[in-house]
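One structure, pasted below without further comment.
Chain nomenclature is as follows: A, B and C, assigned in order of appearance, with residue numbering initiated at 1 for each chain independently.
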Amino acid sequence: MTLLATSKLESFYGDFQVLFGVDFEIAAGEVVALIGANGAGKSTFLKTICGVLGAHREAVTFDGQPIGGLPPGEIVRRGIAMVPEGRRLFSSLSAEENLLMGASARRAGPWTLDAIYRLFPLLAEKRRAPAPTLSGGQQQMVAIGRALMSNPKLLLCDELSLGLAPVIVKQIYDALPAVCDAGMTVVVVEQDVTTAQRVSSRLYCLQEGRVTLTGASSALTREQISEAYFGV
Amino acid sequence: MTGTLSWISTVVQGVLLGGLYAMFAMSQSLIFGVMRLTNTAHGDFIILASFGVFSVAVALGLPPAVAPWLAMILMLPIAFGAGYVLQRLVLNRVVGRDPLPSLVVTFGLAIVIENLLQEIYTADPRSIESGGLNVASISIAEGLSVGTLPLLTFAVAVAIAAGMQWLSGRTALGRSFRAVSDDRDAAQLMGLDHRHIYAMATGIAFALVAVAGALHGMKTTFAPADGPALLLYGFEAVIIGGMGSFYGTLLGGIILGVTQVIGFRFDPGWGIWLGHIVFLGMLLFRPTGFFAKTR
Amino acid sequence: MSATFRTFEVHRATRASRAGGLVSLAIVAFLATLPLWAEAGTLREIDELACYLIYAMMWNLLAGYGGMVSIGQQAFLGLGGYALLVMGNFAGINPFVAVPLAAIVTALFAIPVAQIAFRLQGGTFAIGTWVIAEVFRLSIANWSAVGGGSGTSLTALRGIEKATRIHVTFWLCLSAAVIAIAATYLLLRSRQGLALLAIRDSEVASESQGIHVRRTKLGVYVAAAFGAGLAGALYFLGNLRISPDAAFTVNWSAFGIFIVMIGGIGTIEGPIIGALIFYLLNKIASDFGTWYLVGLGALAIAVTIKFPRGLWGGFSRRFDVHFFPVQRRLVLPPDEKGGSFHA
């Protein structure tokens, strides 16, 4: 059953067009990856879904409802949560306070503080630490936990691997199955193609704001992806 | 009074005065901390509150030992509401990176308030009757007594500082204040409405202003043009103490109060001047203040 | 990938500006004849208007171009007035000669003041400058030699014949206003001006491009102080009497801000238009006393919310009319294919 779908989605920064008619869909329980080079429009796509950027009302459907252009607060309340690019933790709050902020939308569900600490045991020791004192990996865990605290149906992950060592990236993505087992649908935006293929069942490739390739992650070849990625 | 004792008395007076200044400052500190807004009408709002409490106290017709306190309590929700509405309707439109619009708008508000007050109340100084509280004193040591009202004011200031610190650190609203101040867009992603949060901050700040205005009006006479001076004292207390910490603001107020009172002792003309000089000195040597937490 | 480089020209003048230039010259020439036939009251009014205009232009330079919003420029205005007093009354300098000297003295004071003021940013900078102005006011008010709190008269002017005094004061005010406008315009057209705009937009980016941010900001601050001091010296030259409250009142900043905001910040036309509107409003409505001020305050609030860069700023941007054009326009010659750059 399709949870989220976009139809000919366009997106602009002012007068500058970034997305040119993107068609995308994801079914409940899936993990779908979105790959592409810098500037391809991956983050823009996520921002449009979660309401930071505007869109036509009918261009984005979630749970059968058109949600394009709704404000971010409304979108969170309906069950879409974003782990933003670069973490964007609140620097004067502690790790735990950051997590608590995620619960502002007050949706019911399995993700409580305790559940987050079970998912990321490292965080439990660091709960009172001010966010800026955490390591990159720990910050990423807090960012993910913060998004989970709103008990979303759909989790959007924007470049989780950004600025992190490969061993930490692996740690983070290893937690993903546990999140999905609890019934989550996840969109993963990644520049690292290998990781993207590994963690997802399907993937889309964006190039200059257009979908250039889509298919089962395990079935796509290096060549196919290179061509779609770079457009050469 | 002997030399040392009279100096101690002076310093104590200054400390207690600092409590009042700290109260002026804490509301400024809250608004600036949450939304980086400089409100040049802040002192005028305090005077507005003084006049408000004055009028309500007179209208209540109760004995002067009771009237002003009841008036102040009645003013609290009104002040909160006024602050909330002002923020949502007017000030939310000028919050932002550019300080100019907020400065001009609040400057305009200051002019409007000062002149409206003058129209309604004339330029004559008023005072809130407190049944002699403003001249009562308590003896705290051999040969040393302090004014009851200043002592009470200081106690209220400490209580407010503690309360604000608790609000900021231990409540969901306080967390929201800090989150929105850190990263408004990320806060939006969590579902926080910054327009509402800003308005809550201003509402609370205005409630604090009501208390400050009431106590100020009981302590001394006030007139429509007095606002700017109070703005500057509050501002200096915030900068000396360092932004982002309410206890720091309290300390800043105390330092300012003590400086002014010592200056007055030498020559009435130099009291306020000395306060300004100490403030400027702080800027030169410790621009972040003593207890700064925010940048 | 192909890059096509074609020749381009940088144009600055617009049709409106060429017309504006001629009209300005005509107006100035007309105004210069005023002392020959207008009455003293009118001349004094225009003197004051010139002072407000110069003050507003300087505030505009500081805030609109320098990015430094100050509500304490009255410190320098008052200082200019008192420098004039001291030079005229005590040093025996001819008061007309003392006017530019007073402006220079004021500019020198601005250098150490900037060291303190620049410790603050944004809104806190604004209030900090107000505190500094208060320090000036209180210091002078405690100085009995210049009349202390109640002020004193400019006795140095007593020896001069009345008509001469009034006429020379007028011509000084007129020239000062013209020079202030011309100097600001020329500054902004120059490389320094471009640097200013860059700093205003982004200090970090400017620094990385090799612009000396601090030095440029200091230069603007000192220039603005010079202008304010000039306005102050001229104002009290005509007023004959000076007091700390009149010299250092924050009302100067209030009026300066309103002139610039109602006229339009960050443009040169703005303060001129604003000063004229302010002058007219004063003539019509000042009889209403406090209500006039309430109206002025409300107007400033409304204008700022609707047009954050002032009325003229909104107008000129919308209709692309510039009398004192500061931008540089890139003009490309027509291309056969009628296309755009390919890069």
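Convention: contacts are C-beta pairs under 8 Å (C-beta built on N, C-alpha and C of every residue); 3 or more make two chains touch, one makes a residue touch a chain.
For clarity, every value in this text was computed on a predicted model and none was experimentally measured.
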- [ ] With centres defined as the mean of C-alpha atoms, identify the chain lying farthest from chain C.
- [x] A
Task: Centrality ranking, top chain (CA atoms only) - done: B
Task: Whole-Å separation of chain centres (CA-atom averages), chain A against chain B - done: 45
Task: Centre-to-centre distance between chain C and chain A (centres being mean Cα positions), rounded to whole Å - done: 52
Task: Cα-centroid distance, chain B relative to chain C, in whole angstrom - done: 33
TODO: Show which residues of chain B lie in contact with chain A when the two form their complex.
DONE: 172, 175-176, 178-179, 181-183, 185-193, 293-294
Task: Sites on chain A touched by chain B in the complex - done: 50, 52, 71-73, 76-77, 81-82, 84, 88-93, 97, 100-102, 104-105, 146, 150
Open item on the list: Per the contact definition, I'd like the list of chain C residues that touch chain B in the complex.
Closed with: 63, 69, 71, 115-116, 119-120, 122-128, 130-132, 134-135, 138-139, 141-142, 250, 254, 257, 261, 265, 290-291, 293-294, 296-301, 304-305, 308
Task: chain C-facing residues of chain B, complex - done: 32, 36-38, 40, 90, 93-94, 98-105, 107-112, 114-116, 118-119, 228, 231-232, 235-236, 239, 267, 269-270, 272-273, 276-277, 279-280, 283-284, 287
